Every structure is written in structure tokens, then in C-alpha cells.
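Handing you this structure, nothing more for now.
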Amino acid sequence: MSFFVKGIFLEQKKEPMLTRSTLVMRQEFEYFDCDFPDTPVEELSAKQIIELARLAGIVDESDGKMLWEKLEKANSGECGTLIVDAIDDEPYISSQMSICIHQPEKLALGIELCEKALSPEKAYIAMYRHILDSNFGIPSKIGKYRVKKIGGRYPAESRVYRHIPKGKNSVIVGACAMLHLARAAEESRKMTSCFITVAGDVVKNPRNVEVPIGTTAEKILELCGLTEEPEAIILGGSMTGRAIFEPENETVGPTTRGVIALARSYGTYSYTCIGCGRCDHACPKALSVCAMRKFAEAGKLDMLQQYDVSMCIGCGACSYVCPSRIDVSATLLKAKKQIEIAKKEGTL
Amino acid sequence: MIAEKEKNGFKESLAYIFSRNPVLVLGLVIGQLAAGDTTLQNGVALSITYLLITVPVLVFASVIGKKLPDWLKIVSYAVLSAAMLLPSYFICGSISATIFDSLGIYPSLLAVSTVPIVFSSKIAEKQSPAFAAVNGLCISAGFAVTAILLGAAREFFGNGSLWGFKIAEASFPAVKLPFWGFILLGFMAAIINWVKDLIKKTDKNPDGEEERV
Amino acid sequence: MKDRLMFQNAPHVRQSESVVTIMSGVLFALLPIYLMSLFYYGARSLVLGICGAFFCCAFSAIGSLLLHEKPVPDLTPIITGLIIPLLMPADIPYYVVISACAVAIFVVKLPFGGTGSNLFNPAAVGFASVAICWPELVFRYPATMQAIEIFGESTAKIAQSPAYSLSFGAVPDYNVLDMLLGSAPGPMGATNILVVAACGIFLIVKKAVNWITPVSFLVPYALLCLAFPRISCSSFDALCFELFSGTIIFGAFFMLTEPVTSPKRDFGKLLAGISSAIVVFLFRYFGEFEIGFASALIVMNVFSPVFDAVCENILHAFRHKDSIIATFKSDKVRKKLSDNQDIKAEEIKEEPVSEDEQEKNAEVIEEIDLSEKEESGEEAVQ
């Protein structure tokens, strides 16, 4: 029933990227910092680890915040659970999962350091496991940490928060940030690179790459090769990223998850909404998307607010299922912004 | 002061015939018309009933309404409008002996519709009796135009007759159903909106030409 | 590379299923029904279908010309035009079909805003209108297994349909197998129950149609027929006659499931299915005409926004359950405070009531918690 089944099944298309190891793009120079403390890895104290994260300039790729700020904030309170985010629920994107599979030792070290800094009650790694493609093995344990497999339908990230015990200060950190933390402790390396998935139906050699921050999308695509001229290049995830027009000027940052090149854009359709209600069923937040889209087109902001458009997380599931290829998600997000502006101005 | 206001008001009350038609624009007694108004005779009978109900109630409200206590107002309007059904019964009886029976419950529903109950207590109480009477006349004229047009159309297409005289073969008996009454009323409302838009456009067009020059 | 790049909004992968594939699925499912009627009544049935589809397309093209719109390639008028003749006997004159199509397009579809915004099912209104205008033509069914002349007045042998016999409480003189195979007279497309049901199941498997709508309609309808039989024979036979006569099965799969006029959510579809089963049953039980299904469908179409609103309200309460429970609790606290101020005798009287309420409240909260747990249990495969 639509009350409890939420989200959509997506074809993940991750196998080619996950079966190959990460390709490292040569950096012009490696940046070693002499400010790092000389203490061996095992004897680092909690404060030193946070200082290490600050010196190394590690950015958490799951939310774009500085890792040391997050750790310090959590350290001041009592930390309940440490969740390492390796959920790649969007198709193609698999950079976090590939770290878990191909560099488990380093990741385990990073988590150990993080655990030392926070002393949480428990720590685990959350990974997305799609029911349809279970060919590659997801390890059940990385180091001494359990891997919790988040199954089911597409927007999985919000489901992680449900396992967190209420009333406790829990921390979610990204897997790549953990890897960088381990590198900073062991090799005294600053975070100068990011992990990116290069994929798409016209990419000759789809795989996960580690590239310096600031590399242009064009260079990354050249590294993996193209079989055909793409019609759409996407920076970010295939469900939430944005299409770019100037790949030679667009650079990747620490929060960029992928560069995807598609042969065909999905094109425009001249059909109107036939009211099939698939968007309502797909919505992970159980919003009445079909009605809200009509209100948004009519500009009825008060009705939209009543229908809780502010709860929309912009996952794009409604646009994915729409048989008329209507940009439902984009319309709703636009309306959400309009409502926020109207609230600020005090007109609503 | 009041007299000047009412002079402007007369123009407004004339608007009840077309641009503020009680049925097609204000949407007041749609149900009764869609269900009951199936022939021209029915339309005329309903219009007479509406006239006999509306004018006395509005005049009564403007004359005595203010002096009545609140709890008695609406009750007395309803009683008066229901009492006016009796003369309308006799007048309509002269059209056809069975017309009131064929109309069923709908004339009685007219007596407790919006205009005699709400309009009277909200608006007519603040007006002078003469103005209230004009208002009532215009409202019932607007109602009559709609009812007669709808009744004639439905009788012609449904029975192939007008005023009971056979003119042509019945072409589409389904229009006598309430569903089709609603649909036809919707079409008439759409036509009124279209005409209003046309009038607005013709009002605006000269300005536009001046700007171009 | 730069020249070819196109703009597109956020989800860059889309489902392969589109309006065209859904609609062509429905068209494909209508094809076997036409083949069956071709077998029973000859080529006239096919010509009727082509006529209906052509005129529906032509009318909607005229409509979009009148409205100065760009004509959109659209399969919905074809489906409407193909469904209308299937509800009628095979020897129906062409002008009846054409006027039904005209009503469907010009009255039901275009004034409300074209495809996707019609309030009523176009095929149902078109059929019901012509059924009231020409009942003697629409409800006069030819016997099966005879070729009817393609043009001109029909000279086919007339037979009494099971739906008509049922309407005055007589047992139809056909056995259940006849009705399953479609050799009993009746509407052109709705008599061959096996083929219609197979096509309906094809639609469900292809996901062009949600299974909830037909099931939630047919099961309560069958139960109602068992509970209030119209004819005196064994209850199984009576059930079969009731279900297989008229357009019940055909309508449940092809008309009730029209996406535009049915509620959007599964729960709304369930409510709509059950209530339309009741309304259809009342129409057939008390009505004189055999158009019970179409009339009931028109009535129920009006209520589908209501069912949507019901679903939305329930979900709204679910989304804000924390704040609702919080306000409920604060009300409780306030009530208790005010109770304490009252005299003790009153307190004793009111206490059991408030305790019951508290228990109920606690139960509600527990239920919600349980449902949450179940949900998370399903999704987190450990």
C-alpha cells in the first residue's frame, strides 16, 4: 500500500566501477606538512586527532562541512553512535563503496582514529545494498566494524537516521573523509584529492578515480575516454546533480560525487499529466506530489504550504517515474524556494 | 447621500441581469435549475415563483428587518418566502394544471435558497424599500433569462417541442437529465465569461491603438 | 563536445515507461476483444471500432484547432473511441457511435481542459447519453454467431440479453459456460468474459493498470450479489450471472481504471473501488436501465478528488504526528490541572473516563511506534 512503501527501485549500474580498483590521477606535487604531530598513530590522543583533521583540511564529502568542526562539536557532548556513511544509492555513483571494498585497511584505521576522538557507544558502516544486483560481495565486516546494509528503495540516506537512538548526539561522517584522516595520521598527507565516479553510457572506461581537487570535468572525462560525443554531462549524482555546458571550466570539489556523461538527454515531451499517481507512490516523504505540482503551476503558495512542500528533499523520485517526463521535482523545489522567499518577506 | 449612492446602485443592480447573473456568474440556484428546468413551461413557472418569492422578501427585509430580533429574522424570511409559494401556485396553475406537480420539490427549494434567506438579511436590510424592490426585480429577471433559455433549449432538444407544441423530432432526450442540466449551465456560464472578456478587450483596444500612434 | 550539450533538470536517468507505452498497452489489450467480436458478429464490429476511433481523433483535432492549440500526438481519444462501440450491440447504427464520440470529446473532454483534466470518464458519459436517447437501439442485442451487414439496416436476429432478464428477476436461459465464452448476447465487447479478463490481467502485469482498482471493485460487488440475490437459483449460478452480464468485468478493467478520473493513491483507489461497487449494485438492483455501470461510474468520478483529499489528510496527520501527539498531551495536562481545581466528587466521576482516554492515547502511540519498527525492520536487511 502506498502508505508504507516509499521510494523507487533503480537500476544501479555500479558493477564496472566496483570491480576495478581506484585509478589515481598523478598530482603535480605531493603536499607534505611538517606541522603534523610526530606521535605514532597508536598513541594519538583525542585532541590531537581533531587537530590533525584541522591541519589536514579534511572536508566531509557527505555534507560539505569541515571534519574537525564536526568532531569537536560531537566531542563536547556525549556521542551515541558513529555512522560511517558509505551509502551510494544513486545509479553509477560508487566512490564511497569502492573505498570500502578496495581499501578496507585504511578505512578501518580512519574509523579507529575517529572512534578514539569521539569514544561513541558503537560505530558501524552504513552501505546501500540493492536487491537487484547483489553480484559483488559487500563485506560484512571492515576491520572490526560491522557493515550495516541499508536495503530497499532509492532514497536510502534518510533511512539511516532511523537507526539512531533518539536523544543521543550521533555523528555521521563520510567514508572518504575517514580515508583522508588515516592518510593524514600515517603518511602526513593533506587532503588534496577527492574520489569521483566517472561513468555513463558513453564512457569508455568507467571507474572510480582519485583526482586532485580543482580538476576540470573535461580532463576527468579525457582520463577515462569517451566512445561518443555526449549530449549531457552531469556534475554530481545522476539523480540530484546538475547538467553542465562548459566542461572545460567546471571543476570538481570535495563534495562532488561523480562526473557522468550520457549519450542522450531524456528529451522533452509534449504530453500533459495524465494523473496516474505514480509520483505520489514514489515520494519517500509520502507527499501528494500530483496535487502539489498543479498548485505550483497555478502559483497557489498557501495550498502548497498546507500540503507540506517544505518537507520535499528533492530526491527526484517523482520525476524519475513520471510517464509524461514532467520535471515534477524541479517544479516543487522551485516552489519551495519561492515559499522560503515569501516567508522571509513576510507575504505568506 | 444615500440617494446618490443608490443612483449608482441602480446600475449595479441592473448588472444582475447579465454580468452578475445570479445563476451563471454567482452560482446561486444551480441545482434547482439543472434538475427541475426541463421544459419552457417549467422555466417560466420557476421564474414566476422566484419573482414572487424574492421581491416581497427583500422589501419586507428592508422595511421591517431592522426592527426584528436576530433570532426571528431568518425564520420570518423563510416563512414569508414559503407563504409566497401559494400565490405562485395559483398563477402557475393557469399555465398548466399539473405544472407544480411536475416540478416536484424544486419550487419549494427555491423558497429556502440563498437570496431570500441570506441576501435579504445581509444586504437588503441596509437598503431603502424601493431600492430593495429594484434589486429583487433585477435578480429575478436574471434568473428568468437563464431559466427560460435553459428550459427552451432542453425542451427543444429533449422533446422536440416548445411550450408543449411539437416542432421537430426529439433529437437528444438525454438533455433532460440533471447531468446535462449542469453541463448546459456550465456552457452558458462559459459563454458569459467569453462575452465579458470580449467586452474587456474592446474596451482596452482603443487605448492600445492610441499608444501605437 | 560543447555544441551538443543539452540542458535537463535534476534526475538525469528516467524510467523507460512513458505515456505512449502505457496507452499502447491498453490499445494492445483492446485488440483481442475486437477479434472476438469479429468472430461472433462479423466485420461490422471492426468497422464500428475504426469509426469510433477515427471520429474521436477527428473531434479532438477540431477541438484543438478551435482552441488555437498545437495538436499533440495523443492516444487517449483512440482508446475512448475504441471503448465506446464495445459497450454497444454489434448492429448499432453508426450515427449512434458517432454522437457518443461527439459527446465524449466535445462535452466531457475539451471543456474541462483536454487530456488529463477531464472530470468524468468520456466513454462512460458518451455511452450513457446515447443510451438514454436511443434505448431501443442500444439495448437491443443481436444473437451471436451471425454475420451482420456492414452497412445499412441490420436484419440480424434479436435475442434477450442476460442483463435484461436479470433486471426483472428472471433466470437467463444461458449456462455459465456460454457466458464465459461470450455466446450469450450482450454488448459487443463485454460478453466474452474469458478474453476480457485475460486482457485485464495482461494490463495489470504490464503495470498499465493498478490491480487494486479492479479487485477492490469486483470482490465487494460479488459479495453484495451473494448477499442480495435478484434471481432464485443456486448462489454460484446467480453470482456468475450477475458478474458476467452487462459490462461489469469489462468496465472494472478498462473504464474504472482510467488514470485521469480515478484517485491517485492506492488507499483512495480502494475506497473508490468499494464505494463504486456499492453504487453499481444499487443502480442495477433498483434501476430500470441496464446502464447501471456507466451511470455509477459517472457518479463515482465526482468523488475521486474527495478520496484523494481523505488520503492527503491521513498522510498529513502522519507527517505531523509528533506535533499532534504533543498538543494532545499538553491538552491532557491542561485538562488534569483544571480537573484538580474542581471538587473531588466531580473528579471521581470523571476519572474513569479520562483513564480510558489515556489508555486509548497510549495505544495509538504504541501502534504508531510498532508500525515504524515494522517499516524499518523490512528495509534494513541485516
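Read from first to last, the chains carry the letters A, B and C; within each, the first residue is number 1.
Heads up, the rule we're going with is that a residue touches a chain if its C-beta (ideal position, glycine included) is under 8 Å from a C-beta of that chain, and two chains touch if they have at least 3 such contacts.
This one's a predicted model, so the numbers in the text were calculated from it and none came from an experiment.
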- Averaging each chain's Cα atoms, the one nearest the global Cα mean turns out to be C
- Message: By mean C-alpha position, what chain is farthest away from chain B?
- Response: A
- chain A and chain C have mean C-alpha positions lying a whole-number Å distance apart equal to 42
- Separation of mean Cα positions, chain B and chain A [Å, integer]: 64
- Inter-centroid spacing, chain C versus chain B (mean Cα positions, whole Å): 37
- Task: In the complex, go through chain A and note every residue touching chain C.
- Result: 1-4, 10, 91, 129, 148-153, 159, 162-163, 218, 229-234, 238-247, 260, 262, 265-266, 269-277, 280-281, 285-288, 290-291, 307-308, 311, 314, 316-317, 319-325, 327, 329-330, 333
- In the complex of these two chains, what residues of chain B are touching chain C? 171-174, 177, 179-180, 183, 186-187, 190
- Note on the structure: Within their complex, chain C touches chain A through residues 1-2, 4-15, 17-19, 21-22, 70, 72-74, 76, 114-117, 259-261, 263-267, 308, 311-312, 314-316, 318-319, 371-372, 375-376, 378-382
- Listed in rising order, chain C residues that touch chain B in their complex are 99, 107, 111, 125, 128-130, 132-133, 298
